[in-house]
Amino acid sequence: MTISLLQYMLIPLFSALLIPFVARRRGKLAEIFANVTLLAGLINIGWTLLSPAVLASGFSVLAEDGFSLLMVLTIYLVGLCVSFFSASYGQGRGVNTAYFYPLLLVSVAAMCGVVTSTDFFTLYIFVEVLAVASFALITSDDGREGVEGAIKYYLLTFPASAAIMLGLAVMLLSAGTFSFDSIRIIVYSGASAPALVFSLSLLLLGFLVKSGVVPFHVWTPDAYQGAYAPVSAFLAGIVTKISGVYAVVRIAMFLRLFETGAFRLSEVLMFLGMVSIAVGAIAAMKQDDLKRMLAFSSVSQIGYIVLAAGLATPLAFIGAVFHLFNHATFKTVLFLNSASLEKAAGTRDMTRLGGMEHPMPWTSWTSVIAMLSTAGIPPLSGFWSKLIIIIALWDAGAVTYAVLALLFSALTLAYFLIMQRRIFFGKKSPAAETASEVSPALLAPAVLMSAVIVAAGLLFPYFFSYLAETIASRMVL
Amino acid sequence: MIEYREFLYLAVTLCALAAVMSRNMLTAAISLAATSIGVALVLFDFRAPWAAVFELSVCAGLITVLFISAVSLLRKEEPFFAEDRTRFRLLPVFALIVAIGGWIAGWPFFEALADYARFGARGQSLGSMLWESRRMDLLGQIAMLAAGVLVINSVFAAKKAGK
Amino acid sequence: MNLLSIPVLLPLAAGLLILAISDRTRWLRELLAIGVTAVCFLAALNALAPALLGQHYQLTLPWLGGGMDFSLKADQLSAFLLLAVSFFSLLVSFYAFSFPDKGKAKWFYFNVLLTQSFAAGAALADSLLALLFFWEGLLVFLYTFIALSRDTAGSRATAMKAFLINGVTDLCLLLGIGLTAYLAGTMSMSEISAEKLTLNGWGGLAYVLLLIGALSKAGAIPFHTWIPDAAVDSSAPFMAYVPAAIDKLLGIYFLARISIYLFQLNGAMQLVLMTIGALTIIIAVMMAFVQQDYKRLLSYHAVSQTGYMILGIGTLNPIGIAGGLFHMINHASYKSCLFMTAGAVERQAGTGDLGKLGGLFRAMPVTAVCFVIAAAAISGIAPFNGFFSKELIYKGTLETGWLSFFIAAEVGSLLTLASFLKLGHSVFFDKRPDELKDVSEAPFSMLLPMLVLAAVCVVFGFGAAIPAAYLIGPALDNLSLFPEHALSGFHFDNLYLVSVIVILGAVMNHVYGYSAARGKASKSSDHIHYAPVLGWLYALAEKRFFDPYEQLMKRVPDFSALLYKADRFFDWLTDGLPVAAAGRLNDLSRRFHSGSYPAYMLLMGLAMTLFVLFTANSGGIK
Amino acid sequence: MDLVTIMKTAVFAPLLGAFLIPFAARISASARNVLAVSLGLLTFLAAAALLPRALSGQVAAYTLAFPLGFDLTLSADMLAVFMAAVSSFTSAVILVYSVDYISHYEDQTEYYTMVVLFLGSMMGLVFSMNLVWMYVFWELTGFASWRLVGFFRKDTDVQKANKTIMVTVFGALCMLAGILMIYFANGTMDLRHLRGETISTLAAVLIMAGILSKSATLPFSTWLPDAGVAPSTVTSLLHAAVLVKIGVYAYARIFGVTVVVAEGFYYGVLLVAGLSALISAGAAMIEKDIKRIIAYSTVSQIGFIFLGLAAGGRTAFIGGLLYIMMHSVAKGGLFLCAGIVEQKTHTKDITRMGGLFRAMPVTAVSFALCSLSVMGIPPFGGFFSKFLVFRGAAETGSALVLALFLVGAVMTLLYLIRLFYLVFLGEERQDAPREGSFTMVASVAFLALLGLALGAFVHYPANYVEILTSQIGAIE
């Protein structure tokens, strides 16, 4: 682990352990504690990344790993949004704030651990910590659905842990080390033992399951759907991305595996990515439950990242990382809005919604921004990341994938338009008559995230130069 | 040292039995964790520090926490139901038979193991091993423990509130 | 201020001014229109005079660029035409002064003046684009002229018919001009005539398209069908002005332009033109013969006479062409005159139905005399002008060697005369019905134009050499027309004998028909109208079975429905199909996402196994 | 002001100003309206101010660096300025008209925001010299039109809106694929560097798919009639007069003055355009909804514009560009007339109208004049463009294309006459409605007379366009 990044993991952990003691009886204090911790972290990482000196140097003075830094930023961003959102959302839902916020902080800490670890075993440990924490978070409210979701999450991702452990075992046997650097050197030496490649493929398998790539995606809709509303945003926005997708990209990126031996693995990865894009988009089309639809949409978007990771060219990684970031932002907005909607209208069943735009204009328009970004409509952030991925695919000769990826954007747009029509625009439903816009505190995270989406789209050159400087240029050994 | 090692074997066996036979799922899970810790020590003793570390991390830490949380969830979900545990009562007998048979047949093997143990003892201590090369994992363990505690508390609190 | 801008801009400005003049003023509009048309007439004379000396007024303004300038040029042909247009505008303005049934005076004069403006522009245009501009611009005023002449559904329907027929053929003209301009590389007609186009390939198409435009304007078969309808649904001044005069003038002018100046025609095209001419003559005159309405009868003749002009120009020899052009101006004069008499009779007697008219000679002597002169002229009776132009056409036809066309033309003449015998007899002679006891002569403002036109018929007859020398000859100066005795005035030859035979034939036919109809002059055509096969054909024609416009309009809905089906297909392709396909795929995916754990576990296990097997086999463990 | 500042004003004032409108709406409704209208006028003035400068040969260029060759390059050459002036003029008229028209509906703020955003994107589109930025603005206009089509929020309206954006986005994605093909084949997306380059037919066809979908041409045509049905006249106008021109402009920009494609491609475009002109005209003949008819008419007329642009000669190209201008004005007038009729009779079904001439003479006459311009009857401006287009089409040497367009033009006459006849003439079927309000009638009369004036003073636009083609170097 990069030592300088350790603070981002330790401080929330410390804070998490502190809250049950200091704020046991005062729920409000727990909220404030958590939010302040996350906000401080966010400001800190923001300054690290965006201080004038750094910007002036074109990000070349950043010593740390750019991927990790960006992910830490994302984690804090989403974490803050979710915790801020929960503060206003959770009242009257039987959420035990004295434990909810610490768990949230532990998750943040665990995710920071994941993205900063430099060794597979550590990574795995933190992934499991994350799994445990989110497992409890899912059940935070007093609904029965949460428990069901948690069990599904637990049961269906268990095979992933098994595969990862098996992979770790084989890795230790064949290479004798877990360290990224050592493994990379071994792979690059050209003497990569088939066993090592096999172990990596097992690891990949595990992380693919965790990221919910088709055909290992079956747990995602149920888990997201069942989870406590703000937690689904957390889960979909960042947790599964970090616990699965991040590792997949990391493996693909650091090992440059596919250039040397296991090109078939790369093909499999790309294929699965493409299948995910397709299946996710198609399945999302006719869902009635908003969160379920969003879950399938997640599957589809992860497909893009995995597709790019499978390609494993510098440009593809830029696209993949950018899309990872973007996906975290827009999916958070959408899930948070689904929570707001549920709070305001009492349901998220799309057949019973309609015309919600009138009572909830802010929610409606932030959803529009997020969905357009997801569908890759310029000049929002999603457009650029998809464009880079597609250009990378095309550049590497995978024209079929590029064109398919391009055209499936249309399908993405299609289901989002259907959603927008059924919920926000369209005929006014009885629910819309009584509902009213949620409080500003609930809107703030969505608005903030929407602003990030727009800003990331418009400031795309900065993003690109950051990623090019810290990832693409440093990838070459 | 032989006493210490035999005591360890015995403890591991007992914990394992307890884990299997316990009527209380929580006790069972904790017994299992204890078993894992014991096994980790044994492995370390047999000069397999890596295996020990992983046993400790994965089995003692992680799986236990997972089990405990699952258990707490289940208990929250539905009342614990009585089941026929007769066959579990036979387990100690079964274990005893295996132990005696093993002691008779596998004595030379244990002798050899003891040699390994002596050899391994000259290596690093478990603590230094952990600290030197798996420092990050320790953090992970701490986080894991924190998560575990919080989970249990959170879920139990919810359960209480539910009642 | 160029002289040429006067006949174009002055009526335009006056027409717009007329719209602004208050309804409460009396005679102001009428006087303004007459004054303006008179000025234009003088300007036209001024333009013609130097043209005859070989000096052409020209007006060239930058327009669309790329060689597409706005250019007017008063060469002999154009100046001649301009004069004719101005002349008829003046007469019609005068005639309509006290004509009541012409729609609102404001709109009538607006239409007259703007029609004049555009017609003058079309006549003067040297650039094909300018020609098209004015030519097609007439469409608008054709529509408003008819639609505003009566406030009935019939007039609006006829206006639409006229608009559509001419609109479609104008589109052909547009395309034809486009092609011509492309082939010639220039828009200027004077430049094209310096190097004529041939009819090979695209040139042929271009010519045919131009021909369609010209024939349609002239009102030849099959583009004529709106004219008889307009005769019923519109006013006499309109008929006298537009279909009888302006349209013929422009159509035949343009036909002459393209056939003589712009294209080098060949035998096949000659045959086509002559066939169209002959068919137009025969069919239209057959229709005219049996009509029972004054103006409708005249309108069929207007069509029929066009046939002579086309036939004349179609001969492609100087005599025939000169005849065609001469006939054009003659026809305009006597047909306008005839329509004016129709208007006068209608105004005074209140009807145009032949069955209800009769014996008006005594009541309206001046009108009747004008009618007789014009009828004699149209029937080709010497020494009126019609005789001479027809004679030239006959000669030209004979010169081509196609006797059948000559015979057709003569038969047409016979029937023309026969129908005018019937018309004159039933309107001005015969018994006067009781209802028409109080009928008196038309006012002076209507009589004067009739008299002028009748005088033209006489003057151009006895003095056929005058127009030949000053109008037709110069207009065709590149055809080396002179010396030609046919143009030198009245004379006897074989053709004169033939015309005498034709006259006799017509008279005999009328006498027979009159007796067969038991003394009812208006029924004197019944022996042909209800003849065995002809009766059936006439019945079909009355039902507009042979009207291409009606027939095509009946097909339009079917055709459109077909196109609409195609449109729906594409709609399905972009809307229905994707939605259905997505729905189908979605159903499929739903079947997989059933929510059942065992199924999920099975799927996941299977997938993981496959993954491991696949990766292990390729680059994995060996 | 220097050239670049004016150009930036034309692009960024509406683009960024659109987002100020919601804030202005917080102050008061009239502040919002004033802001929106002044943004529209400002844009038009900026575009108009560029006209003389462009004519004198000055070309503004401004570049904002983006990675991977995605530089945002704005350049005001004559073609761009022409298009900008035409579309900003129409949009400004729409905005002025809207103040009155839209005043009694909900969501006005959104409406103004979207119209101004649309205008800004349109400006960005016409000025941008980079294909990828063309695409960006392209999609932005699609977004704005999506909201505008779904303005009334009924389920059907929103469905139509979704169809609109889906079809155009699908086409745009195809176009993006084509752009990428160019990018990889030629190494640049900058149109200035692509001049004279030959691109593969496949790339051209893909880009063409985008263009066809945006300009509502076969086979992606039906969204336009559908979009015309649901919302107000104003959005229909925006579509017919401005939005569909985007595709046409892109064609002119990419295929007209920049890249070269194999011969067969142009022929294919002509055939598709011809079929589109014909089939939509047939549909216009059958439809009973006044707005749908006019929308189909738009589809049909777009075919003629393509004929001009794709025929390959300079004359035709000039004709095509003039057609864009003439059609914007005339079709705008038609839609506004339809709006008045619809508002006063409370129906869009022409079989339930009739004899409205007596009740609303000014509207009827304006409608007739605009129809005449669309039909291409002199002395209206439409005549010249139609003639030039046909004149250029003669050079294609394809009788099939000529025949398709000729029949299409005939059908144009037919359906417009039918429409006019059924609505304004014919027998009166209901109580005489009253003439529309003064501003509405005045604006339709203005557009009708403008069509006439464009015919009378056609020399000026024609001259501009001619210099344009010689300066930019249209394909010969």
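Every chain is named by a letter (A, B, C and D) in the order it is written, and numbering of its residues begins at 1.
Keep this in mind: a residue touches a chain if its C-beta (ideal position, glycine included) is under 8 Å from a C-beta of that chain, and two chains touch if they have at least 3 such contacts.
Note that the structure is a prediction, hence the values are computed from the model and not measured.
Participant: Which two chains does the highest number of contacting C-beta pairs join?
Facilitator: C-D
Participant: Quick one: chain B and chain D, Cα centre-to-centre, how many Å?
Facilitator: Whole-Å distance between the two chain centres: 75.
Participant: Taking the mean of the C-alpha atoms as each chain's centre, how many Å separate chain C from chain D?
Facilitator: 37
Participant: Just curious, how far off is chain D from chain A if you go by their C-alpha centres, in Å?
Facilitator: Each chain reduced to its C-alpha mean, chain A and chain D end up 42 Å apart.
Participant: Multi-chain contacts in chain C: which residues touch at least two other chains?
Facilitator: In chain C, nothing touches at least two other chains.
Participant: Multi-chain contacts only, two chains or more: what residues does chain D have there?
Facilitator: Residues 166.
Participant: Would you mind giving me the full set of chain pairs in touch?
Facilitator: Applying the touch rule to all chain pairs gives A-B, A-C, A-D, C-D.
Participant: Inside the complex, what are the residues of chain A that reach chain B?
Facilitator: For chain A paired with chain B, touching residues are 1, 9-10, 13, 16-17, 20, 94, 96, 98-100, 102-103, 106, 109-110, 113, 117, 119, 121-122, 125-126, 128-129, 131-133, 135-136, 139-140, 142, 147, 150-151, 154, 165, 168, 172.
Participant: Please output the residues of chain C touching chain D within their complex, sorted ascending.
Facilitator: Touch list, chain C to chain D: 61-66, 68, 129, 132-134, 136-137, 139-140, 153, 156, 160, 163-164, 167-168, 171-172, 174-175, 177-179, 181-183, 202, 205, 556-557, 559-564, 566-567, 570-571, 573-575, 578.
Participant: What part of chain A is in contact with chain D in the complex they form?
Facilitator: 354-355, 357-358, 372, 375, 377-379, 383, 387-388, 390-391, 394-395, 402-403, 406-407, 409-410, 413-414, 417-418, 420-421, 425-427, 460-461, 464-465, 468
Participant: For chain C, which residues count as touching chain A in their complex?
Facilitator: Residues in contact with chain A: 582-583, 585-590, 593, 595, 597, 600-601, 603-605, 607-608, 611-612, 614-616, 618-622.
Participant: Which positions of chain A touch chain C when the two form their complex?
Facilitator: 152, 155-156, 159, 163, 194-195, 197-198, 201-202, 204-205, 208-209, 215-216, 218-219, 221-222, 261-265, 268, 279, 282-283, 285-286, 411, 414
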